[in-house]
Every structure is written in structure tokens, then in C-alpha cells.
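Here it is, the structure, as C-alpha cells.
Just so it is clear, A, B and C label the chains in written order, and each chain counts residues from 1 on its own.
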Amino acid sequence: MKTKEIAEFLRGELTGDGDIEIVRVGALDTASQGDIAYVEKPGLDVNSNAACLIVPTEFATARAETRPVGSVPLIAVADPKLAFAQIAEVLHPQTGREPEIHQSAIISETAKIGVSVFVGPFVCVGEKSQIGDDTQLCAGAKIGDSVRIGAGCVIHPNVVVEDNCVIGDRVTLHSGVVIGADGFGYVRDKNGYVKFPQIGTVVIENDVEIGANSCVDRGALGETRIGEGTKIDNLVQIAHNVVIGKRVVIAAQTGISGSTVIEDDCVIGGQVGMGDHARVQTGAVIGSQAGVLPGKIVRPGVWWGTPVQPLDEYKRQNAHLKGLARLKDEVKELKSEITKLSHPD
Amino acid sequence: MKTKEIAEFLRGELTGDGDIEIVRVGALDTASQGDIAYVEKPGLDVNSNAACLIVPTEFATARAETRPVGSVPLIAVADPKLAFAQIAEVLHPQTGREPEIHQSAIISETAKIGVSVFVGPFVCVGEKSQIGDDTQLCAGAKIGDSVRIGAGCVIHPNVVVEDNCVIGDRVTLHSGVVIGADGFGYVRDKNGYVKFPQIGTVVIENDVEIGANSCVDRGALGETRIGEGTKIDNLVQIAHNVVIGKRVVIAAQTGISGSTVIEDDCVIGGQVGMGDHARVQTGAVIGSQAGVLPGKIVRPGVWWGTPVQPLDEYKRQNAHLKGLARLKDEVKELKSEITKLSHPD
Amino acid sequence: MKTKEIAEFLRGELTGDGDIEIVRVGALDTASQGDIAYVEKPGLDVNSNAACLIVPTEFATARAETRPVGSVPLIAVADPKLAFAQIAEVLHPQTGREPEIHQSAIISETAKIGVSVFVGPFVCVGEKSQIGDDTQLCAGAKIGDSVRIGAGCVIHPNVVVEDNCVIGDRVTLHSGVVIGADGFGYVRDKNGYVKFPQIGTVVIENDVEIGANSCVDRGALGETRIGEGTKIDNLVQIAHNVVIGKRVVIAAQTGISGSTVIEDDCVIGGQVGMGDHARVQTGAVIGSQAGVLPGKIVRPGVWWGTPVQPLDEYKRQNAHLKGLARLKDEVKELKSEITKLSHPD
């Protein structure tokens, strides 16, 4: 792809040679011939061997004044990181496996497999399940009975999707993900624990990506739902009947307890814990390792700590904490002054 | 199953039509014809299309006074949630797979497989291992050598049970569980780390359930043990030589370090971390995200925070923390008053 | 192995019978005939049925004065636990599987398999991948395309190594480990999230051990690297472009965010969370459940808490916290005294 074609694709402004051939994306510091890299902020002193740079508009202007003609071509855009991600999708299309049903796969006769599907070695597809067009089921994936998986999905090796779960289009499940294990619910009687029914399902909407070894439990009675365009990192736990909205981001090792609702466009850090029946409202951002109590409503804004509080309060409180030693000293001093005042002689 | 049969099974008191056919359990708000639902507390204003409701006794009495004859049948019991779980087990028996040894499974000639066992595709059973009657080994489960698994177990897809582990009767291991990986123990010498021997076993007693992608490491020299009736959620880490008693509940993403003991009937929240050689005594309840220091003895009661403290103290301390800003202001004020007193002019 | 041979191997000093046959290692309290156990510290009052004890030098001296000739043979060394681990490696060599390529394994014709390799049932090895001599790929392991795995590795059941990853010699990956899943990086645009390219690799150096169900993501553009001799526990998350040095120890359920660097010889507790672009310097020790903010530099020393602070400060602050109630009372008292002073009548 030529630099002028990339500029056109990104609707960016090209400075320099438009006929240089770009074959891949690269990191700023390691990029070389054939690579396109990006500069995130205008102020950076850039030293890169990339064949082309995507830059902020201000950067291109500044560079034009200081550098001789003939240096590295620049493509100026409003959001270089986004433009870089967009051109990366073009230069590095997901290498879909060639359509094939591997002879070792065990596919129920009642399952319906779409066109151009890849089914790898040692894959199972259970009774009455449906796999959409262009979907890839990689080696060792286990798809239960009555599962529906949409089109254009990538189900990585050793993923498990239990019975009756529904997965939309263009969903990526990374290796080791478990969808539809039983939720964790019991009722205590005098002899021990009786299992509360875990007979609901999981619904994963379009364009969701779920990281390696994460778990999404089935609803106890109803469903557990992950909304369209939501991105979930590795080793995340989503409990039964949780409802996650659209375009939510959840970082690694976070756990969401039963029936909690996370509305659209929230951002949740890593190792966050949420109690059950909580609600995180649209626009809330929750910092890593935060703890949300059961039933808590988390309003829009940035939240931090356990139990969560607005970031400002958290910082203030932390500052007070740091000042505790001094406060103690002050009180001690006051005490001695008062003693002196009370006993002036 | 007719409403009168359900009432009899639950030893509850039926009000209303005893001949309505119930085919499944449902959630209060989505239940419809054929569904039985439950009302947890007497005070709730209930609006449900369920065909039958399991309710607390007080609810039935109150309803009788306000509603016309002919409305939805009620079954009054002492603990409606428990009764609901019990009837769910009857209406939705675990759909055991039909007994079958799938032709693709690799079973050692020296392994002993009980009667009515299901062995799914791509399952391995190693040398001298024993699988009890009615147990299901789902697709992709890997059972090592000299493993004993009891009767009536459900081993979900892609579970791994390493060599020499022992699993009781009616144990459920959800997908991706790893039983018997090496414990994490090393001794530092001048060149790096020498592995401490990890040659013990894991013993899982009857009626244990372990959630998806959880790990139970083998003992270093002795055993790691999970007691009868204990329930463990997803992504939990149980280290080498941990001993967990009977009827313990452990929520998701909690980690228990080596040689720690959790006695019978404890309840442990999610994302709790416990240091090694700690002991949690019978009747202790530990809140989510709490941290237990190595060697700590946690007595009966409710514990919270890092390091854990009694819930009351934790709350009090939190209240004090919230009041720190005011305390600081008060000290400042006192200071200025003292200054005035000292310099009265 | 005779006691005198063990003493010679460990360069320890033997007291007692040198011709007793030792067949295995055991724990001090459960060891019996044929077992060798160890005593960690001199002061312990030891009561063991072991056939031989590895002990600290001071212990041997003290024992010689108090016990009759003919009691259990002792081998005195400087570091008994280390010596015990070393002799355990001799008495319990890793029981490598007999070399075999199981007929069910799917190995690409373009893959290169070394000599004396074990490839278990249902294993996949992708195109152009290389497996070194004496390596074991256990049942269900999935090795992608263009992967290089060195010599003498043990890849446990159901491990996944995605395309292009490089693994050194004598590496152990426990069951369920996922190497090379996509990193978690997106760029927000007005419609949702665009995936940032995740086209780098993972490099795992020699003698690394990674615990069950842990995840190491591939670099976004460059590589994620785990240094030689590093040991990682279960359920740990290593994000894209993280660089971990040599001989680092990371306990269970810890998560390291993107591009963070951990230098050689650090020790990281369990459930620690690290933000991105942080740096932990050689010699730092970070306590369990600690939180490291993005970009933070953690210097040598012992660190604790969220956000991390030196252990001393953490303890002091905790002590201040515990004293808050009293401080509050003191302020109240001062107030009333001042009131009295101001209004003397």
C-alpha cells in the first residue's frame, strides 16, 4: 500500500513522498523500511526509522518548519492512534483459517454449520447447534447442545461454550474462555447447601471480545448478557444474571457478582470487585482494584477505592491519611500548650 | 407435576387449585403458564403470572385476606427459596448424558470404568485410573494416571485432573478446572530457584462443586483437601497443602496460600486473599476483597478489610476516616483558639 | 540411595548410620521408614519417624549432646530446605513420559519435532513449528503455527500456545496456560472501540515455570518477555509488552498491565495489581494485594498497600489508623479544656 493510498484511506494530509510502499505497522522506536508508525502527541521529540509516520496535525506543521524536504513522509490526522489502528486492520487483516471441517471434529448430525466455516481438530459441536458463516472454531473448542454462534466469529483453542448459549456475529473468544458454566447459587439447609437452579442462558451480542480464561456464567433462571461492542480482558469473572451494556471495557481479573448491571459505555479497571445487585451507570469509570458494595449505585464520574468513592474524595482522603502523623503531633503539642495555660506557673 | 403434589413434596400448605400442571421453575417477574416461582419475603408486593407461587407462611395468610378465591395457588413454607431450590431439582433433574464411551476417547487398558459412565469425545483416562458408576467425563477432559473419581460426578469439558488425585462421589468440576497442578514452592540458591518437591496429592471429598477455571494444586509432600459439601466459585486458587473443611463456601477469584486451613462452615467472599499457614475457624465469615495475613487465626464472626478486622471495627474505622477532614479542621481551630488564649491582646 | 551417598551428594556432615536405604522424601511429621525429611531451624523440638534428617549444623551439634548413639542419622548442612529440594530432585526425577507421538495427534507436515519427544493424544502442532528434544506435549495441548519450543520442556494438558510464540529450554507450562492471546488494546472512536493491532509475540526464556490457567498476552507490536528462571504461579495475568526479568517470582492471581517492566530478582506477592508502564527495580519485594499505579517506579525494598508504600510507612500508617479513635477523643477533650480556659467561670 502506498503512502498516498494510506493518506487517502485515513483522510489525512500527506507531506512528502506519496509513492513509498508500506507493508506493515511498527512501533515508533523499532520501525524500519516498509513500516508505518504513529506519533501520539505533538510535543514528542521523534527519532524513528519508520518509512512513514501518522502524526497529529500540529506535529506536521512544526516539522515542516524545521526539517528539510525529502525526510520521512508524514500523514497528519486528528487522532493518530485511532488512524494507526484503522490502517493496521487493513495491513494486517485477521488471518482467517481456510474454510475446512477437520476430519477429527465431532459434529452432531443435527447441528447446522454455515458456509466458509473453519472447524479445527478435536472440536465438538453438539446437537441442534448452529454455527454462522465464516466463523472459525479453533482446535479443541467444545460447543455444547442448542448453542447458536453467529457469523464471522473466532473461537480460539480450548474454549468451552456450554448448552443453550447464544453468541452474536464477529465475536472473539480467546483461548480457555468458558461461557455458560453454572452460576454460583446455593440455599443453606440444615445438612449443607442445596443448589439453586442454574438453568438460564448466556447471550453475547455482536462484536464482543472476551480475553483468555475468562468466565461468563449462565443465568440462574433468566440470562446473563454482554452487550454489543463490549471488550473484556483475561481472567474476568462474570456471574449469573449480570447484564453488561454496550461498549463497556473491563480490564483483567475483575469480578462482577450476580445480577449486577453495568450500563453502556462504562470503563472498569482491572481487579475490580463488584457485589451483587449493584448498578454502574452510563459514563462511570471505576479504577483498578476498586470494590463496589452489593446494591450500590455508581453514578457517572471517576470512582476509586474500596468501597468506591469519587476519585477526588479518594485523593483527599489519602492526603489526610498521609498527614495523620503530623496531625497527631499537632494534637500532642496543643495538649502541652493547654497544660501550660492551665498551670501557668 | 401437579400443584398438590408439589405441596406434598415440599410439606407446604396449599391454598388454591391443586390440579394445575407445573412443568418448570421460573423467575417471579418472567414466569408464566406452567411455571412455579417463589416469593422470598412476606412484605413484597407481588405481581407475577406464575402458575403457582411458593411463599412464606405470613404471605399466604395476608394474601388470603385480600385476594378473591380462584387466584394463583400458593404453597406456604418456612423457607421459600430453599423449597424452590428443592422443587427445581425435581422438575429439572441434571440431564445426565446417556452412558457411552465415545470412540475417540483414549482410555488406558489398565483403567477401570464403572457402569453407566459417559466418556465424551477426546477424553483421556490414564493408567490405573478408576471412574465410578454414573460419572460423566465430558468432551476434552484429561484424567491422568492413578486418579480415582467416584460415582455420580460431572467432569465438564476441558477439565484436567493430574496424576494420583482422588475425587469423591457426586463432585462437579466445571469447565477448565485444573486439579493437581504442582504447588508453587522454590528454594533460592545462589543461581536461582530450585523447585521444592511437589509430589503430594489432592483429595476432593463428596458433593463438592468447583467453578470454571479454578485451580487446586497438589500438596508439596502431603495432600491438599477439599471437604465434603464445599462449594467453590470460578477462578479460585487453592494452593498446595491447603485444607478446606466441610460445607465451606468460597466466592470467585479468591486465593488461598499454602498450608492454610479453613474449618467447616466458613463463608469466604470473592477476591479474598489469604496468606500461608493461616487458620479460619468454624463460623467465620470473610467479606470480599479482604486480606488475611500469613499465620493469622481468624475467629468466628464477620471479618472485613486488609488486614482483616471484625466488621464492626472496620466500619468504625471507616467512619473515622470519613471524619478525618473535620478532625483536621477542629485541630486547626483549637490551635487558633489556644493562640488567642496565650496572647490575649 | 544410602544415607552416606546422600550426605556426599549434599556435601553435608553425616552423624549416624551411613548404610540406611532412602527411597523418598517426606514431611517431618508423616515421614517413616525409607523417608528423608528436613528440619528447617535449629530450635525446633523434633519428633519424627523419618529414616534420616537433613538438619542445620547447630541442630546436629545440639542433638549429639542429648541423644544416645544409634538414633536417626543426621546430615548437617547450611541450608536444609535447599538441600532437601536438591535431594528430592534426585530421588523423584520428573517422570518424563516415554517418547511417543500419539497416533491421534495432528502435527503439520511442515513442523519439526526433535528426538525423544512425547506428543500426547489430541495434541496439535501447527505449520512450521519446532519442538525441541526431550520435550513433552501432554494431552490436548494446542501449539499454533510458527511456534518454537525448546528442549526438555513440559507442556501440560490443554495448554494453548498461539502462533509465533517462542519458548526456551526446560520451560514448564501447567495445565490451562494460554500463551500469546491478543493483548487488550483498543482505540475509541465515535461508534465504539477499534482494536489496536496485537501482532507481536511472546518470548519465554529458559527454565521458566508458569502455573495453571495463567495467561501471557502477545505484544501489541513488539514482544512480551519472561526472563530466564522466572517462576509464575496460577491464574496470573501478564499483559502485552510486559518485560519480566530473570529469577522473578510472582504469586497467584497477580496482574501486570501493559508495558510494565519487572527487573531481575524481584519478588511479587499474590493478587498484586500493577498499572501500565510501571517499573519495578531489581531487589524490590511487593506484598500481596498491593497496587502499583501506572508509570510508578518501585525502588528496591519491601513495598505494601495500595498505592504501594514502603512497608515501614505502611505499618506506621496502619498504626495511626488504629489510633484514630483515641486521637478523636483527645481532640474532644482538648476542646472542652479550652472551653473551660476561655470561660473560666
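Here, contacts are C-beta pairs under 8 Å (C-beta built on N, C-alpha and C of every residue); 3 or more make two chains touch, one makes a residue touch a chain.
Keep in mind it's a predicted model, so treat the numbers as computed, not measured.
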Turning angle required so that chain A lies on chain B, C-alpha fit (0 to 180°, nearest 5):
120
Over half shared numbers or under half: where do the identical copies chain A and chain C land at their interface, same or different?
different
Per the centroid of Cα atoms for each chain, what is the distance between chain A and chain C, given in Å?
27
In chain B, residues with contacts to at least two other chains
104, 122, 140, 158, 176, 213, 235, 253, 271, 321, 324, 327, 331, 334, 338, 341
Using the touch definition up top, name the residues of chain A that touch chain C in the complex.
25-27, 30, 79, 81-82, 84-86, 88-89, 92, 102, 104, 120-122, 138-140, 156-158, 172, 174-176, 207, 209, 211-213, 228-229, 231, 233-235, 246-247, 249, 251-253, 270-271, 288-289, 321-322, 324-325, 327-328, 331, 334-335, 338, 341-342
Chain C residues touching chain A - in the complex, by the definition given at the top
104, 106, 122, 124, 140, 142, 144, 158, 160, 162, 176, 178, 181-182, 184, 186-189, 191-197, 199, 213, 215, 217, 220-222, 235, 237, 239, 253, 255, 257, 271, 273, 275, 291, 306, 316-317, 320-321, 323-324, 327, 330-331, 334, 337-338, 341
